[in-house]
Amino acid sequence: MNDRTLVCSDVTMRFGGLVALDAFSLEVRPGEVVGLLGPNGSGKTTFFNVVTGLYKPASGAIRFGDQDLFRKAPSEINHAGIARSFQRCRLMLELSVFDNLLVGAHNRLPNGLFRTLFGRKAALRSIAAFMGAARDLCARFNPHIADRLFEPAGSFNMIDRRRIELCRALLGEPRLLLLDEPSAGMTHDETFRLMDDVTGFQRESPELSIVLIEHEMQVIERVSQRCVVLNFGKKICEGSYRTVVADPQVRKAYLGEDA
Amino acid sequence: KDTVKIAFIGPLTGGVSSTGLGGRNSAQLAVDQHNADPSRKYRVELVKLDDECKPNVGVQVVTRAATDRSIIGAVAHYCSAVAIVTVDTFHRFGLPMVVWGAVLPEITYGNNHKEIHRVNGTMINEGKLAAEYVHKAGFKRVAVIYDTTDYGKGQSVHFTEFLKQYPDVTVTGSYGVDVTQQDFSAELTAAAGGKPDVIWFGGLTPQGVAIRAQMQRIGISTPFIGVSGILNEGFIAGVGPKVAEGVVSFHNGAPIDKYAKGKEFLAAYRAAGFKEEPDAYGPFAYSAAQLLMDAIEKVGPNRAKVREALNATRNYDSLVGVINFDDHRQNITNAHQYVVQDGKWVYWPDSKYAKEAK
Amino acid sequence: MSHQLSARKVEKTDWPLPGSQALASRFDRRAGAFVLMAVAGVFVLACILALESELALAGTLVAAGGLWWWGLRAGIIAEAGAFSDRRPWAARMVVAGAATVLLIAFHGEHYALLMISTVLLFAAACAGINIQTGLAGLANFAGAAFFACGGYTLAVLAKSTALPHFLAILAGGVAAAAIGAVLLLPVLRTRGYYSALVTIAFGILCSSFLQVNEQLGGAQGLQVPPLTILGWDMGSGFEVAGREVSFYFAYGLLALAVFLLSSLVAHAIEWSAIGVNLDATRSDELVGSTFGINPQRWKITAFLLGNVLIGIAGAVYAGLTSFVSPAGATFEQSLLLISIVILGGIGNSWGSLIAAVLVILLPEKLHSLQEYRVLIFSVFVVAVLLFRPKGLVPRRMRDFSVMKERS
Amino acid sequence: MEISFAFQHLVNFLMLGLIYSIVAVGFSLYFGVVDVVQFAHGDVVALGGYAGLAGILLAVAAGATGLGPVLGMIVLAVLATGAAGALIGRYLVMPLRQASPINVLLITLMTGTAIREALRLFVPGGSNPSPFPMVLPDQLLTLGGVSLRVSSLIIMAAGVLAIFGTHFLLSRTRLGLAVRGVAQDEETARFMGIDFKQVVILTFVLGSCLGALAGIMSGLYYRQVMFNMGLMLGVIGFCAAVVGGLGSLMGAVVGGFLFSGLQIFATVALPIPSAYKDVFAFTMMICIIAVRPTGLLRERFEERV
Amino acid sequence: MNGQLLEVEDLVVGYGSANVLDGVSVRAGEGRITCLLGANGVGKSTLIKAIFGLVPVRRGRIRFRGHDITGWDTHRIVAQGLAAIPEGNRVFPRMSVLDNLMAGAYLERSPAKIAARLERVMALFPRLAERRNQFAGTLSGGERSMLSIGRGLMSNPRLLVIDEPSLGLSPLFVKENFRLIRELCCDDCAILLVEQNVKQTLEVSHYGYVISQGIVAVEGTGERLRGSAEVGNAYFGAEAAAH
C-alpha cells in the first residue's frame, strides 16, 4: 500500500532542563496542508528538526507510511520522501542556483563513484535532464531565477533566495514538505503570491502533504485545511482555522486577543 | 686557458648550513688558489649547489650538476641522508665525486660505484675511538642518546657495536630523540635514573647544546661525550664555556694546525675574507677540491678519465694528511679525540685532561 | 567563508584571433585560447628550464607575468578555462601534446626532464588534495605523508615481491588510501580546524614513525630499483636516430600520464552529481544531510579517492628519484603541497600545475638567492594570498548547461 | 623509581606543560577573536625568545646589573612580539577575515616560515642555538632528597600568573566581551559600538606577548634559543588548544599539560623506544579528538536551524 | 537644531558598480517615530548600514545631533547616541543571553546604569529573563528577535534604528512590539523604524518615507501616507515589474 501518512505520537524533546516538545502528537495525511501555529519559542521549529532527524528526541514514535523514522539519520529520512525549508535561509551561497537545486534532487541523481568515473556520458545526461525541470520550477516562482541558473545563489536577494530554497525542496519530489515561515520578510502580497505558487504545485501532485509554520494568519486561513497550535511544546488546540482562532486559549497565548 | 667546472654540493641553508658554508668557502679557496697558479692548465669554475640537507633536493641538484656536461666532478655532501641516496645518481650519470663531510659508512661501503670517493673518515672510526676512550677512562655504565636521523642513529649503532668488545662496560639505556625536539629533560631524567658513569651523544650541535644545557639545568653532573657533530665553536658558544668544559668529542680530522699545511690554510682562509668559519669539515672540502682538480689537471676534463685517476689515488699529499683510497675508494684515516678546555676545543693529547689521565 | 567560486564571467571577448574573424565561432575561439595558453605555457617553461643566466630568467618571468595579465584582461584565460570545462578530454590532449613536445625538446637533458616530471607528479598529487580540500572541504595537511606512503609501498613491493611495477604503483595508491582510512573516524567526527589538526598531527606522527622505524629503513629510507613498466626498462637511456635520450624521458611520459589521469579524475568528480554532493558537504553539511546527502559517505569517498591519487603520484615519484625517505614526509613538505593547491586556486587542477611550476621549478633556478630562497618563497605566498586570495587560477563556477550545448 | 627522579619528572612535566599551555592559550585567544588559527604563533614565540636575549645583551652591554637585564629582556621581548602581533593582526589576518579558513592557516604558516628564516639569516650565528644567559637567581634548593632551582620556581610562577591574568581579562572585563562579540558577528559587534580594529589588534598584541613569555621561559629554562624552536612548539600548542577545545582558555591549559604528560609518560613508562614518544603523544591526541570532536572543555554548542 | 536628530542628505551608496541608493534624503526628528518603507531589496538596510558607517558613502552627508558623521568609524557614531537593532535578529550565537545584553551596553561604563537598564529590559521581556543563561544561538526565532531589541535598548540611545523587528514574530508579539515601540519613543529616545508591516507601522509612526528605485518616492505624515496610492505602488510596483 502506498499510504504516506506521517504519524508522530508522544514525541518529547528536551534541551537540558527545557522541554521543547512535550508528548506532542500529530498526523498528516497525504494531500493535506496542516498549519502549525504557536507563540515564539513554542517548539514549532524543534518539531521540524525532530522529524527531519536533526534533533534526536527523547521518546515517542515517528512513522511515515510504513517506515519507522524515529531517531534515524537525516539523509535516511529524506530518502523516505520528506523535504523542508529553513526558518533562516540556508542556501549554499557560493554555489550556483542549479547546484543548490541538485542538492535537493540528490536522491534522483546518479551518485555512484563507478558510474561517475566510467559512465560519464550517461551520468551527465541524467543531470542535464534535470535542467529542464529546474528551469520550469524556478520560472513558476520567478522567471528571473530561471534565466540565472548558473550564477551564485549569493547574488540573489533575500526573496529570491527563499524561492530558490522552496524550489530546492520541491525538486526532490517529496511526499511531505515542511515549510518553516517561508514568507518571513516578504510583503503581504509577495507572501500570497508565494503561497499560491506552492499550493498550485500541490494541486498538480495531490499526494504531497505540507506542514506550514506561519505567523501570517491570513495565509493560514487561505491554504491550510487543519491547524495545530503549540504552546510550551504542548498541543493546545487542533482543528480547522475557524475552530482554532475561536479557541480562547489560542486567542490568549498566540493571537494576543482577549477571549 | 680552458675553463673547467666542478661542483660543490652541500647544505647552504637550514640548520646545518654553518658547516656547509664553511665547506663551500674552503672549496672556493682551493679553486681560487688553483686559478691563481699560472702553471695550471685549466681555469676552474666552482658551481655551488645547495642540497638543503634534504634527500630529494639532493637528487635534484646532483642531476642538475650531472646534466651540465662541462661539470667534470663534484665535491659533495655533508649530510649522510642526502649522500646515501645521491650515490646512485652520481653512478647513473658517471659523474665522479668526492665526499667531503658525510660520515655514514654505507656511502662508500654500501655499494661498489666507482664514482664515489671520500676523503674524510666514517663514523666507524669515531665509534671505535669513542669506545676505546670509554674503556680506558674506566667508565663502566654508559647512557646512549642519539638523534634518529641516520647520522645519529648510525653513530649509535657503531659506537655500541664497538662497546661490545669491552664486556665490563654496559649500556644503561638508549634514547632516540627527534631533531625537532626542544625538551630533553624526560630522556635525561630517565637516563640519569640508570646511574651512568658517562653520557654519550650521537647527533649534531643544536641537540647537543640543548642536551648538555639541560643536564646542567636538571643537575646531572655525569660526564658528557659526543660525536664529531658537536665538534664546533657553536657547541661551546651554545652551552657556554663553563658548562662545556671537559666535554669530549671525536673526529676524523686532526686540528688544522696539527697538519703540515694547516697554518698556511688558515692564513689563506682569513686573507680571503670569508664571513663564516671553515668549521670542522672545511679542510676536507678543501682537500677534496684539490684532489679533484689535480686529477683533472692530470687527465684532462673527461669524467671517465677523472674517475679512473681518482680511483687510483695513493699517497696523495693533502691538507688533511696523506690520502689513500681503499678498494671502496674510502680514505684510510683514524679518528682523533678532542676535549673542551678553557672554552676551546683542544686536541686531546695536548690537553690537561690527557696529562691528568696519565 | 567567502564565495569560493568565481562567477562565470568573460570580461571581454574581442581579442584578435589569427585568421578570419567570421570563422572564429565561439568554439574555435575557446579552443584557440586554450591552445594559445598551452603553447605559451610550454614556451615559458622551456625558457625557464633552458636559461641559465638569471637576468634572462628574470626577463622571462616578467614577460610571462605580463602575458598573464594581458590574458586576464583580454579574457583569453577565461575562455581557455571555458574550453577545458566543455572539452575536458580535448583540453588534456592539447596539454599532453604540448608536454610531449617539451619532453622531446629536452630529451637529453636529465635535469630538465627530472624537473618536468617532478612538477607533473606534484601537480597530480595536488589534484588529489584538491578533491579532498577543494571539494569536500577536508583540509589535508598530511599530503606529503600519503605521498610517501605510496613511495614506500612501491619500494617494499618492488624489492620483496615480483609484482609487476605497474601494479605496484597502483598498490601505492591503495596503500595510501588504506593508511588514510585509519584517520577516517577522527576526520569524520571533526570539523574545520579540528580536522585540520587531525591531519597535521598525523603527518608529524607519520614522519616521526618512518624516521625511527627500522623495518622501513629508518631515516635513510629505502632504495627503489629502476622500474619496468609494461616491459619497458625505465632505468636506462636509449638512442633514437643517433641521439641519446635520457632515461628520465620515459619517467617524464609516465609522470605526464599520471598527471592526466589525476586531473581527469578530478574533473570527472567535480563535474558530476558527486561534485555537487562534495560541494554541499563542504559548504553546509547540515542542509546537505536533510536533503539526503550522507556527509560521511562523501567525506570518505573524497578522502580515499584523493589519497589514491596522492599515493600513485608518490609511488611514481619514488621510482623517479629511486628512493623514498622520511625527509619527503615532513610537515614542511605537506605545506608545500597545500601551498601549491591554494596558490594555484583551490579546486582547480590547472592552477595546481601552474603553481607547481612556480613553487618547485623557480626556487631551483634562482641559486644566486641561495640562502634567501625560503624567505622569498614564503613572502611570495603571503603576497599572493593577500592580493589574490582565490589563487592564480580560481576555480570556475560549474555550469552544467555546457553539457547541453554539446549534445 | 627513586623519589628524586620521580620529582624531577614531575618538575619536567609541569615546566613543559606550562610552556605548552601558554602557547596554546595564545592560539585559543586568537581563535576566540577572529575565529582564525594564527599559525605564526610558534614563530612569534621564537621571536620573543630572541628579542629577550637581545634585551639581556643590550642591558648587560649598557652596564646594567641585578634586575636591569631582566627588565631589558621583558621590555624588548614585549615590544618586538607586540609589534609583530599587531602587524600580523592588522595586515594579514584582518584583510582575510572573509577568506576561507584554510587561506588564513596557510598565510600565517608562511608568515611563520618568514619569521623563522629571518631569524636564521639575520641574527648573527642564527642557524645554531644561541645561549641564553641566566638572569634570575639560580640557587639549587634541596629538600629531603629532591632539589629545584629558584629560577624554575620563578618561571613557573610567572607562567601561572600570565594564564590567570589572561583568563581574568577575558572573563571579567569589557575587553573580553568585545573580543567574543567580534569573533561571533563582526558587523553586529560594530553596531554595538565595539571598535573592531582596536579589539583585533589588542588581542593580537596580547597573544603575542604571551608568546614572548613562552619564548623567554623556554630560553631561561633550556638556556638557549633556536631559530626553529617555534615550529614544533607551534604545532604542539595548536594541538593542545584544539584538544582542549578551541576558544576555551582552560581547555588550552588542560591540553598543554596533557601533551607534556603524554610525552613524559611515553619516555618513562612505556616499553617502547623513547624515539616513539611523539608518535605516541600525537596518536593519543588524535584518539582524544576522535572521541571528543569539539575538544575536552569546549562547551557543546550546536548551531540552530 | 530645529528638532532634527538625524539628517541624511542626498545619500548615494551601493555595492560594486551599481548604486543602491541614488540621492536619498531622510530626517528623523527628536521624540518621534519615523518610518522607512519600501519593497524588498530596495535598500533600506543599506541606508542603515550607511548611517552607521558600515558601507562607504559615495556622495552626500549624514548629520547626527549637529555633527557631520559621514565617514566616521562605527564605534564613534554609536558613542554619539545612535543605536541599531540590525536586520535578521543577529545575535551573538555563542554568548549567553545575558552577555548579549551586556554587549549592547558596551559603551556604558557605569555598572549601576547597566544594572538599571538590564532590569528594565528583563522586565520588558520576561522570556529573556527566563533564558538568561542559554546560548543565544539556541533561542527560537522569536526569542532572538526579543533579544536583539533588548540589546538595542541597553545602550540607552538618543535615536534607535530598528530594522524589521517583527520578522518571524507571532501575532501576539507583533502587537506587543508595536506597543513597545510606541512606549519607547519619548523625548530622550527617537526611533527610526524599518518595517514590512505597512499598516501597523504607519499607525504608530509620526512621519514616513517610502523608498523606491533608489530615491524617496513619497514622504509625509503617517496619516498622509496611509491614504496614499503611492505606498501601494512603491510596495508592489517593483514586484509587478519583475513578472
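Details
For clarity, chains are labelled A, B, C, D and E in written order, and residue numbers in each chain start from 1.
Basically, contacts are C-beta pairs under 8 Å (C-beta built on N, C-alpha and C of every residue); 3 or more make two chains touch, one makes a residue touch a chain.
Everything numeric in this text was worked out from a predicted model, so none of it was measured.
Common neighbours of chain B and chain D, by the contact definition above: C.
Note on connectivity: the fewest steps through touching chains from chain B to chain E is 2. Ranking C-D and D-E by contacting C-beta pairs places C-D first. Inter-chain centre distance (chain B to chain C, centres taken as mean C-alpha positions): 38 Å. Between the Cα centres of chain C and chain E there is a gap of 51 Å. Mean C-alpha positions place chain A and chain E at a centre distance of 31 Å. Our note on geometry: chain A versus chain B, Cα centroid distance of 74 Å, whole angstroms.
In chain A, 45, 54, 86-88, 90 are the positions where the chain touches two or more neighbouring chains simultaneously. Multi-chain contact residues of chain D (touching two or more other chains): 231, 273, 275, 278, 303-305.
Within chain E, contacts with two or more other chains are made by residues 138-139. Interface of chain A with chain E (complex): residues 15, 18, 37-42, 45-46, 87-88, 142-144, 157-159, 181, 184-190, 193, 215, 217, 253-256. By the touch rule above, chain E contacts chain D in their complex via residues 52, 54, 73-75, 78-79, 83-84, 86, 90-95, 99, 102-104, 106-107, 109, 135, 137-139, 151, 155. Only residues 109-112, 114-115, 118, 208, 211-212, 218-221, 223, 247-248, 321-323, 325, 327-328, 364, 367, 370-371, 373-374 of chain C touch chain B when the two sit together in their complex.
Residue ranges of chain D in contact with chain E, taken from their complex: 174, 177-178, 180-181, 184-185, 187-197, 299, 301-304.
For chain B in complex with chain D, the residues that touch the partner chain are 14-18, 148, 174-178, 180-183, 185-187, 189-190, 192-193, 205-206, 209-210, 213-214, 216-219, 234, 237-240.
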